[in-house]
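Heads up, the next two complexes both have subunit A, just with different partners, subunit B and then subunit C.
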Partner chain A sequence: MSARATEDLQAGPAPGERREPPAQAPAAAGKGRARLAPGDLLNLIGRNVALFIFLTLVILASLFVNNFAALDNAVVILKQSAIPAIAVIGMTMVLMTGGIDLSLGYVVGLASIVSGIMANTWLWPAPAVLAAILALGLALGLCNGLITQFMRVPAFIATLGTGYVLYGLAQIVSQGSIINRLPKDFLAIGRTPMFGLPSAVFLALGVAVAFHLLISRTIYGRQLKAFGFGARTAALSGVPGARINVSVYAFCATLAALSGLLFTIRVNAAQPNMGGGVFTFEVVTAAIVGGTSLFGGVGSVANSILGVLSIKIIENCINLLGVSYHLYLAVQGAIILVAIIFGNLTNRRA
Partner chain B sequence: MTIAPAARRGLALLIPVAAFLVLGSRVPHFLDLSNLLNVVRQSSIIGICAVGMTFVIIIQGIDLSLGGLLAFCPMISGMLMLAGVNLPASMAAGMLAGTAMGLFNGLMVSKLTVPAFITTLVVGQISQGLALIINGGSSIGAFPEGFVFIGNGALGGVPLSDLLLLVFLALGFFIQRFTPLGNHILALGGNETVLRQEGLSAARLQFFVFGFSGFCAAVSGLLLSAQLDTVHPTQGDAYQLDAIAACIIGGVDLAGGRGSVPMAVLGALIIGCLRNVLNLLGIHPFMQNVFIGSAIIVIVYLSGAIRRHSELATRGAL
Partner chain C sequence: MLKPLVSMRGVTKFIYGGDGRPLRNTDVKILEEVDFDLFPGEVHVLVGENGAGKSTLMKILGGVIPPDRGELEIDGARVNLADARDAREKGVAFIHQELNLCANLDVAHNIFLGREPRRRGLKDAGEMYRRSAELLKALSTDLDPRLPVARLSTAQQQLVEIAKAMSFQSRVVIMDEPTASLTKREIDVLFELIRRMRAEGMGIVYISHRFEEILAIGDRFTVLRDGRRVGTLPIQAFKPDSVIWMMAGRSIDEMYPRAHAVHPEPVLEVHGLRLTPRTPPIDLVVRRGEVVGLGGLVGSGRTELAKSVFGARRFHGGEVRYLGRKTNGWSPARLIRAGVAYLSEDRKTEGLIPPMSIRENLTLASLRSVATLGFLSRPREERQAARLIDELSIVARSSEQIVSTLSGGNQQKCVLGKWLCTAPQLLMLDEPTRGIDVGAKAQIHKLIDQIAGAGVGILMISSELPELIGISDRVYVMREGGVAAELEAGPELTQERVVACMV
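Here is the complex of A and B:
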């Protein structure tokens, strides 16, 4: 690797090393021919964990899992990733503030059954259902945000509580039944084929690009990061902390509701059990694999989506290998642990 | 005006007692001895969990691994029992598994400074996954008589479950009141600097607290399976939040440093009564979840507001 590349990396966002004085970069450049020390390699990987994990998984799976490296299979993985990819964006934003949203999966379930009722029982046109579900998500997210911000209930307990409430509500609303055979115009939101993929994939892509720009290119995004690093310092610099903190929960639940709607469309069934704790956990895993810090301040939409693709590749391999699906749950837990321990070690080195 | 701690505790006790009497006069069969013993029997599951959880919350942690452990530990014991291993050994294996998972939580919290809610969430998920994998996702049952007796038998008319809850209440109370450990745990939650100045290791306390919580979860899971004569791989889900709610209703402070084991067990009994009454009134369990979820948020909010208010009052008095 050239010295220039090293410098570029130093200039880039390096969350693990932000407290270090910048004196290291000129020293490394001064050597003329920079050698790649093991520490450098670890740092390089540490900065691009999500991409590294993703590429490693693709290579390993292509080598060792039959039928993995096929176009059809890639399409399957993309289809399966689209829905959690939308949800992970909101979770990433919440984690960036140092909070967590444990109600995410239950918003999915409630959005699913409510969208089914609107589309099938009330015969609402598709755009109206979409708008209503987004509004529902926004309202639920505002509740979470207001409870954590103004009632000062810790995020994990507030969202655990609201999650419990939402799960109960979804079951009550559904009266224990599943709604099948949804209207065609409603299904078209996520199922219209475009370039060989369902529209849900492009919807996810659009949402991802929009939020990537929001976080990396706007003042709001910078304020969000500042707030995550330290609420007090941010407040002294004029960041509207309360507004940021409420907004991330609002975004999170809105995106969760959208993913609930798309989930319903994909399986053509509206059911209150959709999502749940398992989905929440999958999304948190993806965000952490994507390098999002649990302590706030660090996170990126692109990396979190790489995180989703990574764990969906693992799920896909578990399926292709014919191993019990239940293994996926335990493996996700193990992945989070490895990610946390690895992140901890690389941060300590810095 | 600040309320004296003793008076506050008295007030806190007054509410459940009053509610109890009102319910007793209003809801038919609630005060029948058989119903009350049954309430305690049902509360024993979350009560035993709440004993361990109390210590965890006191040190500003939370244990979200209960849901998984409540299924994983009895699943191990159950499989061993069905494989013909004798009862004490199989049960010990389950308890060992729970304690090990708890100690692992302690390791993550103390050595890697991972937030408790994350590591316990992860360990819960892994346990849940393992509980499902061990028997391919189906439940097991038809255990030896001795095991079923633990869950359903009685000693002099008192169900064994109730006695077991009493044992854990006594154990927790003893640790908290009569051992230095109890004081150290309170110190760790209230003011870690003091603990450091006394030369005590925070890590060792964290190990103990999370390990003990895992042990309580294992015992509670075994008891649940003994009561039902079944291990269902997702049987723990319903109890996770109830155990936290029990502590919170019992006045264990999520901000750490404050909480008592008997009050947390009382909280478990209150939840047990609440669920029982709502059942007797024919209110759907899902509606009960809505109540309990909201109650947790409101109580955490109120206790935080009261604490901030009294802190302000103290500062104003100085």
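Here is the complex of A and C:
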């Protein structure tokens, strides 16, 4: 300790030498190094909430739910998770900017019926359908992004509006019918078996890895994070805020359209009611369980996908226990409420 | 010749080691051979930087701690003070910066705490209130002795402390920064009281950092530096420049170093720029290696001018040239890549991303320089961050520390570091030392000088006139959206001139 520090008790720390509080709690310091102190454990959990929730659910479900811990059941959960896992990536990016995309589920519906028409009625080859659906998603996303960015409409309102427009369009395009029995080459996009799983799962994995790298390793990802935390600082640091803000909606709708296409393939039926508000809600819940902040800045592809797996485990358990499916919806609502209340509390403290 | 009330001779206090024993063999001491006198009827001001030893010296006089060496005389009699109570009984009252009153008790109980008047072994409340009222009346205040202290203002609590000091028949009163949390009016009342105490022959030791107060109330002053007495002089000799020199051991020149040299070629030229359709056109030039100050009142258009140059704000007519190229309509991103930087006055919402790490903040404006094909290189980022943390002496646990947990000065260094990463040719600084401590301020001044020395043109907005005048080679003063004056550094550039142009 320096002379200064002992001398002037009232003066506090010397200028420029303000020290941070010790990283470890005093309780942790006293105990042996090998053992984790409670404070450290909490800290570890705090940094990996999504993983902690996922593992806790797996353990609890394995212990208390019959037939949960079986390979067949794991395959079911993976199959069910693949499609929302693709959609949650885009939603995570939108949430990272502090916005939200409520039209996501309706893009799924429109993509489904349009892909059915292209594949079945117009007899387009599968790659052409895939490309066209991605382009459709991109176009819809650009609309969302441009409206929120340049018309200064809050994302919540803008995407609620565009969502209903898309829902109406999907109903008109379908003329109220469902398209069944889709061509084989089209179905092959998501149904080709690989290592005992349908190709949709690996497609989702590929998309996830690509976007995980985009968000965690690139200039774009860093700028997205900065923009979400502090748009003004970001803008004055040369971050192209408008471009980023529009791009996240474009990514979100493109991935939603891909989800719609894969959904159509999975159920072998193109229908305008696919997705919808229920799907949007499920995806937002998954992102939140994955630790994504509704206030912007915080988000990770890997964690959001753990969030999808977690809520799919909850859904799976509700099925296995023979409880009403509506409990699943209630649980989702409760999760979002808790997240918002908790977020508000921590924001107030900060 | 008057006899001194208090006389301290050769007072020395060692640093204490971890074992609680004094370290007698080191050169560094908290106090070394300090002499201090206080005469009846005088206000003796004690000045010095934090850590100079003022508080320790007064704690010795107040009996809070004993000296390791040296003598203390009160009223000509040698004394060894046992504790604070002993000192109080010998007539020394210590009014601490943080007031030591019991909030739950009333005024009278606080004044007579621990020595309540008694009658036949029982507390004589009537006598206590009567005497309290007398004491308070003598201070010409009509404070009710029955009021609980919790309901008093800071100034009123201070009055209670003073009343308490008077009740001890104190002849020496030590006041440690008594005006720190008082309003202007309350300070006037306090000073009136101090003058009356002085007139009654009491001696007052007054610790303060505020020069204007020292001049208003002091009779003599003593400067301490690093535990030694630098000098004791009459207040007439109190000149801010020389006192700063006595306190810090460095002159104003060293506080505002100026080692850089101005090159003739311009970095920034502004011609006829209008901030709004109704404001006058602005002409301005910043040369290579030059520090140009931009003074003016808040709202005079200084920030707006910098933001206009930075492409972050629309302006009306005129042109901006950077290194000879017209940059009207360029975005901040494009200007940053070309070498223009703007450090905002609003650190929290325009300078930093508080929840992100030091590393992420430092590289935010220059991500391309640490990336290949859009992919960030973590090792390159870390090297960059480590270099800046070292160059700017940012005090942090690691480059991964979250910026919001840093002190103001270190946060400001992070913002400056962010802009240095962009290798700027033109650096615009908007209130670069606002809200940071003195030590960090001096460091930032030094950095500004070094940056200019490397050939960067600097446009510095500052509301602190000593800083503006101390660092700038040239100063533009703005008024109502236009440039009112251009002043060259030199004898002509004075605070009075700048202020006269501002309003």
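In the analysis below, the second predicted complex is superposed on the first by the 295 of 350 C-alpha atoms of A that agree within 3 Å, B and C clash if a C-alpha of one lies under 4 Å from a C-alpha of the other, contacts with A are read in each partner's own complex, and residues count from 1 in each chain.
Keep this in mind: a contact is a pair of C-beta atoms (placed from the backbone, for glycine too) under 8 Å apart; a residue touches a chain by one contact, two chains touch by 3 or more.
In this text the structure is predicted, and so the values were computed from the model without any measurement.
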Quick one: is A:218 in contact with subunit B, with subunit C, with both, or with neither? Answer first, second, both or neither. second
Figure out whether A:240 sits in contact with subunit B (first) or subunit C (second), or with both, or with neither. second
Classify the contacts of A:232 with the two partner chains as first (subunit B alone), second (subunit C alone), both, or neither. second
Quick check on the complex: what are the subunit C residues that touch subunit A? 15-16, 28-30, 50-51, 53-56, 96-98, 176, 227, 310, 312, 331-333, 336-337, 342, 344, 349-356, 360, 364-365, 367-368, 371, 374-376, 393, 395-397, 401, 404-405, 407, 409-410, 418, 437-440, 443
Contact set on subunit A toward subunit B in their complex: 100, 102, 147, 151-154, 156-158, 160-165, 167-169, 171-172, 277, 281, 284, 294-295, 324, 326-334, 336-337, 340-341, 344
Enumerate the contact residues on subunit B facing subunit A in the complex. 62, 64, 108, 112-115, 117-119, 121-123, 125-126, 128-130, 132-133, 136-137, 237, 241, 244, 254, 284, 286-290, 292-294, 296-297, 300-301, 304-305, 308
Parts of subunit A lying in touch with subunit C, wherever the complex brings them together: 3-4, 6-11, 14-20, 23, 213, 217-220, 222-223, 225-226, 229-230, 232-240, 297, 350
